[in-house]
Every structure is written in structure tokens, then in C-alpha cells.
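Presented below is the structure to which this report refers.
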Amino acid sequence: MRVVISIGGSILAPELDSNRVAAHAEVIESLAAEGCEVGLVVGGGGVARDYITAARDLGANEVQLDQLGIDVTRINARLLISALGSGVKPTPATDYDAAGDALRRGDISVMGGITPGQTTDAVAAAFAEYVGADLLVYATSTDGVYDADPNADPEAIKYTTMSPAELVDLIVPMSRDAGASAPVDILAAKLIERSGMRTVVLDGSEPSNVESAVLRGDHTGTDIIP
Amino acid sequence: MRVVISIGGSILAPELDSNRVAAHAEVIESLAAEGCEVGLVVGGGGVARDYITAARDLGANEVQLDQLGIDVTRINARLLISALGSGVKPTPATDYDAAGDALRRGDISVMGGITPGQTTDAVAAAFAEYVGADLLVYATSTDGVYDADPNADPEAIKYTTMSPAELVDLIVPMSRDAGASAPVDILAAKLIERSGMRTVVLDGSEPSNVESAVLRGDHTGTDIIP
Amino acid sequence: MRVVISIGGSILAPELDSNRVAAHAEVIESLAAEGCEVGLVVGGGGVARDYITAARDLGANEVQLDQLGIDVTRINARLLISALGSGVKPTPATDYDAAGDALRRGDISVMGGITPGQTTDAVAAAFAEYVGADLLVYATSTDGVYDADPNADPEAIKYTTMSPAELVDLIVPMSRDAGASAPVDILAAKLIERSGMRTVVLDGSEPSNVESAVLRGDHTGTDIIP
Amino acid sequence: MRVVISIGGSILAPELDSNRVAAHAEVIESLAAEGCEVGLVVGGGGVARDYITAARDLGANEVQLDQLGIDVTRINARLLISALGSGVKPTPATDYDAAGDALRRGDISVMGGITPGQTTDAVAAAFAEYVGADLLVYATSTDGVYDADPNADPEAIKYTTMSPAELVDLIVPMSRDAGASAPVDILAAKLIERSGMRTVVLDGSEPSNVESAVLRGDHTGTDIIP
Amino acid sequence: MRVVISIGGSILAPELDSNRVAAHAEVIESLAAEGCEVGLVVGGGGVARDYITAARDLGANEVQLDQLGIDVTRINARLLISALGSGVKPTPATDYDAAGDALRRGDISVMGGITPGQTTDAVAAAFAEYVGADLLVYATSTDGVYDADPNADPEAIKYTTMSPAELVDLIVPMSRDAGASAPVDILAAKLIERSGMRTVVLDGSEPSNVESAVLRGDHTGTDIIP
Amino acid sequence: MRVVISIGGSILAPELDSNRVAAHAEVIESLAAEGCEVGLVVGGGGVARDYITAARDLGANEVQLDQLGIDVTRINARLLISALGSGVKPTPATDYDAAGDALRRGDISVMGGITPGQTTDAVAAAFAEYVGADLLVYATSTDGVYDADPNADPEAIKYTTMSPAELVDLIVPMSRDAGASAPVDILAAKLIERSGMRTVVLDGSEPSNVESAVLRGDHTGTDIIP
């Protein structure tokens, strides 16, 4: 089974904590031990947010802010790599050819962001599409896809399953705003739709959720079923 | 005046025609002669379409198709560079630092696409944001922004002016579909909004339209005014 | 058996046609399935010619024209890669170390051109020399090496076999002119001679010709036997 | 006047604070406005320390820890770049040729670390040597060079001036230990000695100290005079 | 005046001798001081020959030998760069875009070899073509172009002037053999012919010969006049 | 067993001699045949010394001299690679990720220097630390670590064994001077100490000494035992 897992920055490194990273690494190694080919995309988390805040104060433009954020995702990728054993490509991939080639060679492959204007959500969807993954997992700070922002609306209802088209329909209007409340961004949603990729959005704050979702299809998040 | 011009592939090279490229190059050199700092982003056009069609038949995945398209945009960038005089950076830039640095050094700077999942529309908006352009011009095959697809709906009305927010409001629902009818894609629209960039969408099939729009604000397209 | 195959642009992509590319890919995969290690070098074909014509009209110098042609060969390499399965290195190699390393690792390796002033004929001969290939195949639009240009001289006689020295002797005087009628260029011929490489020049318009030549030594072209 | 300034991580970014970075940027721009050619090398600071601590817990080896630290210095370099105006090279240099070339072209040039096993102290000394700087300034958390660790020994006496040879003599025995108490590391000291570079070590917690030292030779740190 | 000078390895560094390199550097700086834009291509000389001999003994293939030779040409380029003042690009260019861009920016630009199978003779001709040089100078160990190998044939007659076509006619048959006796190689000759480049072949063992040839057209070698 | 071997330039190539290189290559292949994973770092030797002398005469700064030396180490690495069979990565690694990745993939991996200011002694220690080597071997021109410079002091006594801390204690005072007499440089010694790496310093002028030391622990040099 080939799986790409997006580990949001708020999940991997809300602040730098080796125990949390170690727990994610354990899950990944356990998946690999079960025979999974694993691609990973990690976000920026608290450190990215701090750099972006400081640089914005200093008058950086938005592209520079994105670039700083990408640089941090790559350091986070190195941090996760350092927690994985010898079966991981030691350098974070910066394009899909390199990321896919590592997977093809039997390595775990870890990416961060690629270019300004594109989130790691979208990178994960494109990586999954590129390698023809059987499953794409978003380990996020929300436990699935809701019909409204669950933090703002106590009536928000979580989808157990939905189609990629429903996901896009849901996210398109959310993408009008900054989009913080969307479970994945619009580009990611559209890549999921165009590739017909089986996708799971789940609560990644407990790393073992990823393991049970991948190995046993057992999770309490949202299944996006093409 | 600092201006970034997006020359769509269907405008620069619907098929390869040196006269057409020469006409665009003349406009660019004329802008530079008037003291403009000019950044350019070119699309893929007919050659990109042909490669993508062939590769799709061969079973390429969508990321590979995007990559082929990007490679063609860079060849188109080289073609346009070869038509410009000595004031142009000879190598197409592949990131914003390099593109902006060339502009900062007094060169005309030409980019193609950057990464799968991101159109040259969006690259142009990010490039403009990065260099703090005074104006962003989309030279497209449509002569402005309409409230509906003018090819499908004879009642479609063209906006003379609109705000970036109106542009995003218009494009968000269009982005649900493949989006072929949208004048620029959703990411580009949102970058325009976040940067508050003065933007013009105009008919680029007549290259001189770009010149009069940039130098004299004179055009029959749509002004997006922050 | 280790074989390097040069697939001329006029053979792979006189114009872009997925069936033709697929037929070549099938032959390559069939060779790999028979245990061959396969290196490939592809030419530019019709698209390269179109770009070069346009750029020459625009005043590009010859080095720029060569560079455009090389860029197209690399896109053609990507196109062929997209038609091959998982046993191919996903990125076209741009130097011999990378190309040879891929072969050494068990991958099919695809190159385009490398630098202005050097044809893909010569790249193929150098690649074959670098990896110590058992056989170098030129799949061209002519069905072998003739003692005169067969398109101009109806009396031209095809060599069934010849030595590398005879090949060089034949080509040196042809290299005086633009050399369009030479089956391979002078640098390629001299590389074949210096390396003592067994080489076949055959009609590549029918891809299966390559397969039978490689696997069974069965072809109607010219054998260059050191 | 050509000057290279090393801004220690504990000075630029003990934690991320845009005011502090802005204050350093102001000094740099003020030096440039006075006609100085300015090269900068920045350290890792608090963020580097946090990543290194986390990665050490995860079992990273020391070279990986150094690499993480270097990555952070480069992000800090980007942060400082974003606070400088248009006269700065937008990309942190990763070798001396690039750093020196930017300076030669009239740009402010900012570096971080280069390779594991080498501190930014040493990078600054090598950068200064490479560009033939008139002055090398270490903006550190200590206000000069002492004959003992001033934090540990209240009797420690600060040098007002010393020769490069005296600096090396002082630091060699300190380099036996982890060396945290040394004002600069042994490699930096030896590079200063071999190049005969005029050097100042001063308290950088107040950025204006750098300005008065460079422009007027006025500071309360240590002058290392060849 | 824009000039590209090829300084053969046997001229720049038959063995490593700083006086000889300094004498060439003086000429180059003197040309630059007279307003010439100067591009340089240097060969491998004695060190390259030694490495190639050793590697051939060790069983290296011809492409590896070429690669070793190229690496040495780049070190020679660095050596020459170190002898030139601040007006030279500090890094040897490895492609024509970079080399030409340096010249365009007002720098002296130094190249070595580029790729196996291509001599520095040919690189110089292509560089000259790329930048549209007014003059291409080959500073070689022979004092011009002869109708036969002057070392072997005491009757050999030197051409005072010749056309590019005559040069090619002369060299084509020489190119049958290893070609050591040809003043420039066949690819270089053909590039000179296709570009119609004014070219001088002269005795470079006395560096001042280059200066008088470039500045005053005064030399005792061969003028190749298109 | 994983072993990193530093072959000093004075050992591999005091002058270029294919027999000497072949003898070293034989030992390396023999170690690989015995199941060792072998990483190599080679020095510059006589050629580096010649370039550095010439460039110093020409006024090069020390960083440029270091860079020239590094370039030569990389050519020496290519020379050694050309003498090794198909089990070696064909390109010298220029960072630890690449070097370690090659080893991880089962290849012999060869490095030269990395950056100015850092010797190949130190590169070898860092490489060994990065890959968690079981043994680090310095094949030098001295037959072990002495308590004084054996060339200057006939009473100098060789250590049979010593601890890393003793090594550092010994080298720190030596590092005050140019350090030519130190068996390894101070940075290398400190890396050995921090990593607790088992290390052997032995006479490499007889290549078989390395083989017996690695395979059988049998040598007459110094064992540094953590």
C-alpha cells in the first residue's frame, strides 16, 4: 500500500517538542514495517508563524513570508527525518520527481513546501497524485470535514464520508475568506477531485490515529471516497 | 513604473509564429525605452497543449502533465528572450528571488511556470507582489472580465472597473469547474486581492494594447482597482 | 546486455503522436523485460525544428538555437519517460555521471541533448562509451549507412557491415557540408571509433526493428563492427 | 570602507523580535548610506537552539544538528534581508564566491552558516578575508575579549587592544573545552591571524554600537590590531 | 570591442608557473583598460595531461578522461581569475548563458571546458558566437594556420589570411586523425564558418602577441576573414 | 563494518602515479569484498600544493587558495573513483547527506574537501560521525600519533593507544602553530572526541596497512579508543 500523509505544522510542531515528533516517527516506521510505502509532507507550525509575524512587521511582502514559511517546513522535514531510521531519504525533496524517485527506490520520502502561493495541503495532494497513492491522509488539528467551522458553529456537523466533488463544493465558498476554517485548501481539494484519490481527514494530534486509519481503515474522521 | 505582464500562451504562441513574438517583443522594448521596469510571465500555448495531449494518452499523471507544460513555458520564455535585445536576463527565472533580482538590476526578466498545480496566472500575480509592481497586466484571449462566460453567454457584460474583492467574488464560483472560462484563476485573484495590486485584464491578441494600457492607461479591458 | 539507443527526433516525434511514442516505449520495456540494461538518447523532432525556425527569424544566434533544441529534446525525454513504467529514472539525465548512475542502479535512463554544438548522435556515442555498452543503436530515418546520400543518389549503395574506421572515412568528407545526409555526425563517428563500440544504424520508423536488432542481431541496416 | 559584520544569533534573534531585527537593519542601512560596503553573517539564536535540542533528543547525530543550525541561520539571513531595502542581494549566499560577488556588485550581502563543523564566527572571518575587508566586527553578547570568562570570573580583565597573535594564544587553551566562553572560536581566531585583519569584538545587544565602531572607531569593546 | 580569447592549456600552463599566468593576466587587464569586453576560455595543460595519463592507466573510459580534463580547465580558470583584479566574475562559467551574462554586465568572464567530447577550442568559438564577438583569438603553441603540420613538414606554409571556408576545407581531412596537428578542431572551425566570425590564430607563448593583435590588428599569425 | 578512511594527499598523490592509486583502490575493493561499507575522503597532494603556490604568487587570498585546493581534492576523488569498479558512486559527494546516502545505498562513497577553512581531516571525522562509522582511519605520512614532532625530535614517542581526550590535549597546543606537525587538525580531533569514534592513525604509504588495520585490527600506528 502506498500512502501519502500530510502532517500539518500544528500537529507536528505547534511548538518544538521531541516527544511529539518521536510519536509521529514511530507511527511512520510502524507503517513502513507493515509494508507501506510512505510519503510525507510536513507543515511549518509555530516556528513558521513566529518568523512570518516578525517578517511582516519588518515590511516583508507576502511572497517573502511564504518563502520563510517554506524554509521552516523543510527544517521540520529534517527534524522528522532525524527521528526516522535508515530507511528514509536524508534530504527533504523539493520537487515531485525527487520525492517520487525516493519512494520508487523503497525509501520513506519527506517533503516540505515547494513554492510561494501553494500550501503543504496542496503539495501533499500533488505528491499523492504523482506517485499514484492508494491513500492520502491529512493529519490535522480538526477531526474531519464539517459542514461549517466547528470552532465557530457548535451546530457544525462532521461528514463521515463524502465524495471529492462534495469536498470541492464545500470548500469553494470557504475559499472566499482567508480559509483558516477549511480542512484543506481549494487547490488540494481540486487535486483530490481530479485524481480521484481516496482521502482521509482526521485528528492528527494523536499520531496513532494515522496508523489505525492506514492499516485498518479505522478512524473517526472523514472518508473522502471517489 | 514597474509592471508585470502575463502573456498567455494562447496570446504569445497559439502556434509558433515569429511575427507574433516579435510584435510582443517590440512592445516590451518600447515600454523599457519609456523607463518601465518590465517583468514577464509567459504561458505554454499550442505546443504545451500538444505535449499534454500526447502524454495523457500515454498514461502520464496530472503532475507529469503540468511539468511538461511548465517546461514548454520556459522554452517560450527563451523564445521571447531571443527576440529581446541586450537588456534582458538571458535565462528564464525559476523562482521569485531570481526574477526580482534581475528586475532590481535593471534587466527585463522573463519567467514561465514554476511548479505543478500553479498556473502562470498565479505566477504573474506572485511576481508582481514580490517586486511591488505598480501594475499587473493580463494579456489574454478575452478582452476583460465578464460577469459570465462571454463565449457561452451572449448577454455577458464586461466590467470596466471592479475591485479585487469583486474579482474574487466572481471567480470563486467559477473555480468550481475546470475554470476555463475564468479570466484568471482563483489563486491569482486572491493574490491580487491580498496584495492590493492594480491590475488590468485586456485583449492581448493585439500586442499594442498592452503598450497603451501601461503607458497611457488606455485600454478597453477591465481595470481592477484596489 | 547493455545497450544505448539513439532515437532521432524524426523517429520519435516528427510530429507529436502518442501512438508512435507508445510503440517505442513498448520496445524499450520489452528489451528491459529480456534483461537488457537500456540507455536512451532522444532528439528534438518537429517541435525543435519549429522553435528553431521561429527563433532564427527573431534574430537568435546559433548557440541560442541549439539551446532551444536541447530544451525540446529534454521535453521529448520526459514524454518518453511518461510512457515507460516504474523502471525508469523520472528525470532526464543532463550529464553522463547521472545517466550512467541510473543504469548502474538498474533503471532505464533517458537523456536529451547536453550542450550547444553537440548533437544527440554524439551524446549517444559518449553515453555508450561511458557505460561500456555492448551495443549502440541509431534508430534513424534512413535504413543504414550508404556510400552516398540515398535521397540524392539512386545509385547509393548501403553497407551491410563496415568498420568504425570506414565509417569515419566516409563521414569526414560529408562533414564538410551541413552534413544533413550523414547517418551520424563526425563527432559520433569518431567516438565510435575511439571506443571500438559495436554499432548498428537502422531504420527506426518501425520501432520493432530495434527490438529484433538488439535481441537477435536481426536487422536490415548497417553493422559497424570494430 | 569595506566591513564584514558577524551578528551572533543571541544578538539578532535570542528570540524572534522584529524590533530587534529592525534596529540592526537600520544600522546596516545607515552604514551603507555612509558609503560602506557591508557583508553580514548571522547566527542561529534561540530557534536554532530549540531545533538542536529537539533533534538531539530524537537521536540525531552531531552533523545533522549542525545542519539544522545552518538551516536556521539561513532563515535568519532571510529575515534580516526582508528588513533591508532594495540594496541587498535577496538570497542568502551559501559560498564565498557568491557573497563576494554580491559585494563587488554594490549589494549588501548576507550569509548564514556554510557547512557542519564550522561556526558562523569562522564564516565571518573567511568572508572578510575573501573580500579583503578593512574591518571585521563581531557583534556578540559579551562586550569584548577578556583574559578569562567574565561570567565565571569577576576578576576577568577586558583587553582594550590586542594583536591577532595574542587572540590566538588566548583562545587556543579555551578551545580545549566546549568553548562557550571564548569570544570567537579557534578557527576564526586563526583566520584573523593569517589574514592580518583589523577586528573589533563588541557588545552587539545595542545595535548602534556597531555603527559608531565602524564609522568612528568608537566602541568599548576590544580592538584586535594586526 | 568584444573579444573572446582561447588560451590553450599549453600556453597558459604547460606546467604551473605564476609568471606566465601573470603575464597573460596583464594583457587581459590591459585590453579591458582599453575598453575591450573580454571573454576567456582556458585549456588544461600539463596537469590535465598528467591526470588523463594516470586515469587511463587505471582503466578510466574516455568520457571520464574528458571529465577529468574539464575539471582541470576549471581550476586553471580559477587560477587565472585569481590573477585578475576586481573586474572579473569570480566563478568560472559552465554554460554560455552565464558566461554571456557576465560579459553583458561588464565583467571579464572566464570559462573552461563544458562537456566531454567538446574541446575548449569549440567552447571558445561557441562563446564568441553567443556574445556576437568582434574577434575570436586562438593563442596557441603554433604561430598560425599552416597547410601542413609545421612540426612534421619543413615545407609547410603558413597562411597569412584565409576564409573560414578554407579553414574548414583544410581541417576536415586533418580531423581524420587524432588531430593533434590541427590548429583548431573541426567543430571550432565549423562554428567559425557558420557564424562568420573574424578569427586570429597566433603564437600565444608570448602573451603580448594577443594584445597587439586585438588592439592594433598587428600579429604574425593567421587572419581568418569572413 | 562501516569504515571511513581519510587518504591524505601526500599518500594518494604526492605526485600523480597510477600504480599508487591502483594499490589504494585494490585495498578498498578488498574491504568492500569482505563486506565493509567504505567511505573515503581524499586530500590534495602535490597538485594542490603546486596550484596554491602559483596562486599565492598571483595574489590570491587564502580563501581562494583553499578553494583551489578543494577543487584538486575533488579531481583526486574522481581519479580514485575511476580506479574502483562498478560499486562506487561516480560523482564525488560535496555534502554529508549525499555521501551518507550513497553509503546507505550500498555504494562506496568518495569525498574531497567541502569548504574553505576546513581540512579533509575534519571532513573525514564529520563523515564518520554522520554515518555512525565503526572505525575512522587516517592513512597519513606519519605512522601514528607522537608526543612531539617525530621529524624534529628524535626522542618523540609514538602512542600505541590513547583516548580521544588525550588526542585533543595533545593537539590543542600544536594548533597554535601552522600545525603541520599535528597528525590530524584540531577540528578533526574535537569531532573524534565529541562522537566517541574509534580511530586509527597509521602509515598509509603502504596501502595494505589500511587493509590489515580494518579487517584484523592489525597495525603499527596509534589506536584512539574512546
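The first chain written gets the first letter, and so on, giving A, B, C, D, E and F; residue counts start at 1 in each chain.
Heads up, the rule we're going with is that contacts are C-beta pairs under 8 Å (C-beta built on N, C-alpha and C of every residue); 3 or more make two chains touch, one makes a residue touch a chain.
For clarity, every value in this text was computed on a predicted model and none was experimentally measured.
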If every step must land on a chain the current one touches, say how few steps get you from chain A to chain E. 2
Chain centres from averaged Cα atoms put chain B and chain D apart, in whole Å, by 43
Let me have the rounded angstrom distance from the C-alpha centre of chain B over to the C-alpha centre of chain C, please. 37
Using Cα averages as centroids, what's the distance between chain C and chain E in whole Å? 30
Enumerate the residues of chain B that touch no fewer than two other chains. 64, 67, 97
Chain pairs in touch? A-B, A-C, A-D, A-F, B-C, B-D, B-E, C-E, C-F, D-E, D-F, E-F
In the complex with chain B, residue positions of chain D that touch it: 86, 89-91
Provide the residue numbers of chain A that touch chain C in the complex, in ascending order. 97-98, 100-101, 104
For chain D, which residues count as touching chain F in their complex? 61-64, 67, 95-97, 114-118, 122, 126, 129-130, 132, 168-169, 172-173, 175-176, 186-187, 190-191, 194-195
Considering the complex alone, what residue numbers of chain A touch chain D? 16-19, 21-22, 25, 47, 50-51, 53-55, 57-60, 64, 67-68, 71-72, 74-75, 78-79, 82-83
